[in-house]
């Protein structure tokens, strides 16, 4: 029996996930949608033979919805996730889980009280084949212990609405989760450095920025976040271990020699770079629900990311190394 | 409505395709299987909730089968494809379409008589992202006209049952189809060169071999076929054009520095190298049937490959450049 | 007329430079040597048809010596360089110019008083073809302004005599000079981070270490120094600019596919990595003396490096960002 | 005592070699020049403090000339080399040694009669670090026996004076010598293929061309010669061995990410690509004369190349595989 999926939020990313579920993921299909843009959502519902609901709450409550995808406006994530937990329905929520760590904590508490893992957060890096290979190398200790990670997250351009804090909240958040998962270690401190700025930025955005994270065992991560790098979408993650270095390879399918250059193409955007990861994320989400055992990023992971982001903000404002402290992790998530 | 698929032949590749259809391809599922190994096939049928048929003919005739996949023993391909055509059912046949060009021709004739494209041959290279990028570059003439192609098809090892002719029939056949498709040109001649042999081969296999193909417009292709190269599964395709060269990139997801080497991993086998191509092949096959317009490799493509293989065999035996001549292509395939 | 070279210090690096001057550099040859290891130095003098001097001072004073190379024990560098300045003779001094910044300052003062540039310091990175290409790209602003540099300096192993401060004094010193030269900017601050340690180190060496340097215009440099990386000698320098990134390529002359790996070799040691740079350094040194215009790293550059190293030491001990301040640069060096 | 060098022919390549000898090679300097362009050669002689001779013969006979470099017009190579042999003087002759194999044979005979190796041919590929690494791998049989070589020789553009036969005589000659030296095997047959032509060529030049060479032990070489490839100067040499493939790496000193491309630069011309090889060639030539033991490409190598080129010409005209047969190699060259 195919799983009936209700999607709250039918903007760009919502539409992509609907298409993904209906065309790429065996075992699930979208039966219901909801959005504040009623007209567009109703039209979409017609197209894909789904029911339109006026509110997310009604959608979640519907017997025609078995599992929920939340891709609505960030400030509404928390309430829809809490509502899904209330109904005991599995819910996939795009990052961020909530707009602050307090909101994430409320979700963790609700889920712990429900006594069952229902929430998965959309940290899709964990489903990228490169990161998976990195994790395997780290876990098998093929090259000994990891000591340092040199990382970069680069976007070609950012618009006027992209402000200084978003470098962490919208961009660095991916590494904050992925590297914690990669190393299976929590962070203990964050420091932020604000280097010379590109002339392609604007007044309200310091670009680039540099984040230095330290883990429990003393591993240090340096992460460049540069959202106006101009040349493409570029993700680096080099893990320096005791006897070797292993890093993400830039994906390329062909190479070219032309006009004096020997080149491969750089991905123009995150969709191109991580499309397979998104597909695999949803495939495994559906598969894990079918077997009753969620394996993806949990509400606790979303909370840990939020706490780290809070520390980064403070570190940026003070210029100082800032401690990061998490409460004891509930048994549900161990 | 999901398409009901009947699979004839439940050996290794058959099982893989069944898994693929049931887990990866939206819009189709396996309802029936058949194999001469009755016991294994029946057990499999039970596992996947499908019906077992004693014969391929019965499976094809069944109203519970809408479309057919043929992955049985090579010499049986022809009869099952002809049977499917007789029933007007879409049929996907693993290569080779038939064991000789005469058999392929009979299929072409039957399909032309039926007046509808029903047959797709399993040339999965066409669905590899690297080849697709090559084709795009050639079609847009981004680097001018293609002039030469330097190719290699390398397997780590071949066993005692792998004989000299199989270098073309089992291995080179992939390039014979893929390059004809890439260039959208028929071949006019073939020459084979038998270089110095590796000590890892056996008496009945000349390994490596070199094939030189020439197309209608004079493009020359050199293809190394080396099935005991020891180091991995390795596919090269460098297209030399008037103003640039574009070639397949070896897929890699991470790079490593260790023990004095800066390396990426080579795929160990064709499954690893082309797994995404297989998935995409079946996805598009199902999609094209849903829209009533087959877009994959046709029976005519299977026939053209068979005619070319005949010429290669003659070229190898004589040591001479051998002409390749196809009859006029029927309107159905244009 | 060939230039007569006197070499003080005939240890490993001294012998290499002698060989270099006599075999690779047109226009100069070694006429005199001196070393505290009298026996070895005399034997060497005989072999290469040079005169042996009991002391460096006698060698410098000799009319048979036109120009001087100092490759003796580090603590003696200062006195020999000062002696050469006293005699108005050009002197090439291996790094460090002196064991502390005060010593470097005395050399600068003596040279300024002499009123002529006579001293060149052995910072050979400036002669590496990769760094030269980086500098060209930065100077032409081909990719806009440089904003950040990500660097690494890795040695395969360090012995028991290699102590924590040497990561800067013996190893990082190369980058400290090369990056200041690359950017043509002085440093304003240093911070040091001590990440998780490799198990291949010993009690008196914290390995790896991370240095963060900031320049006058706000460019930030992160430099990993890892002297027990096990896998080879590996130098990274990636310059992130406003519209592109340009970095050192790992030198390789062949690539290999074998045993499941697609690889190039990593240099085993600094000699292999920078041999051409050393040759070119001496070629240009002799050429610049012939034309009466020293172009290499000056005593001031040696002093600036020493001041930076002092700050790094303080930064490591305190864990704090430490300011770096140079006095006004004398006109002689502008 | 420095070796006194006389240079016959002061065109572009002659001037380069003069500069090389005077500035880069320890142990030799140019004392005499000669050229049919009297005015230019006299001016040059004055500049470098050398004597001008009206004829090559006078230059060779002069007691002020110890060793001779021939970089004159191709048809004069033979007579100057023979003259140098007559005077018992070492002579370096740029390729070709003579304009045909008969001329080369006359030089071989004269040298054999003289009973001493005096002649070195300017096949500088043998001094390229990449080829040297390839040779080492082949000799140590690190990857077993070599079976096939895939090669390419590409120039960005050729002018109207470059005619079809020059693809072998001026261009392919480098590989003809280098690969014979690499494999330490003579050739037994040649075949030429004329693929589809680039629109950047002219009526009297078939471009590109493909040469297939076979060695005594059955190794097959395919060599693409493409002199209007537009994109740069590009040399490929991939040696397929029994357990691995080893190939020339494209030299690069930096890599760049910019405008959607991840690239290294391709050498624009052969000077850039092989400048170090030329330097090393002359360094070793002078060194080998000093020790009385020529180690470079011999007159016999020049002859073997000429015989192979004859066969290539015949193969191109006939379209057939053409046998290559050398007489017994004289003891002098073994």
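Letters A, B, C and D mark the chains as written, and numbering starts fresh at 1 in each.
In this text, contacts are C-beta pairs under 8 Å (C-beta built on N, C-alpha and C of every residue); 3 or more make two chains touch, one makes a residue touch a chain.
Listed by chain with UniProt protein names: A, B, C, D = Inositol 2-dehydrogenase/D-chiro-inositol 3-dehydrogenase.
Note that this is a predicted model, so its numbers are computed, not measured.
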### Query
From the centre of chain B, which chain's CA centre is farthest?
C
### Chain pair showing more contacts of the two, A-D and A-C
A-C
### Task
Return the distance between the CA-based centres of chain A and chain D, expressed in whole Å.
58
### Query
Where the CA atoms of chain A average out and where those of chain B average out, how many Å apart are those spots?
38
### Summary
Here the gap between chain A and chain C, centre to centre from mean Cα coordinates and rounded to Å, is 44
### Query
What residues in chain D touch two or more of the other chains?
230-231, 243-245, 252, 257-259, 264
### Query
Which of the residues in chain B come into contact with chain C in the complex?
230-232, 234, 250, 252, 257-266, 268
#### Entry: chain C contact footprint on chain D (complex, rising order)
22-27, 129-130, 132-134, 137, 143, 243-249, 251-259, 264, 276, 283
### Query
Where on chain D does chain B make contact in their complex?
144-148, 150, 152, 193, 195-200, 208, 210, 212, 214, 217-220, 222, 224, 226, 229-231, 240, 242-245
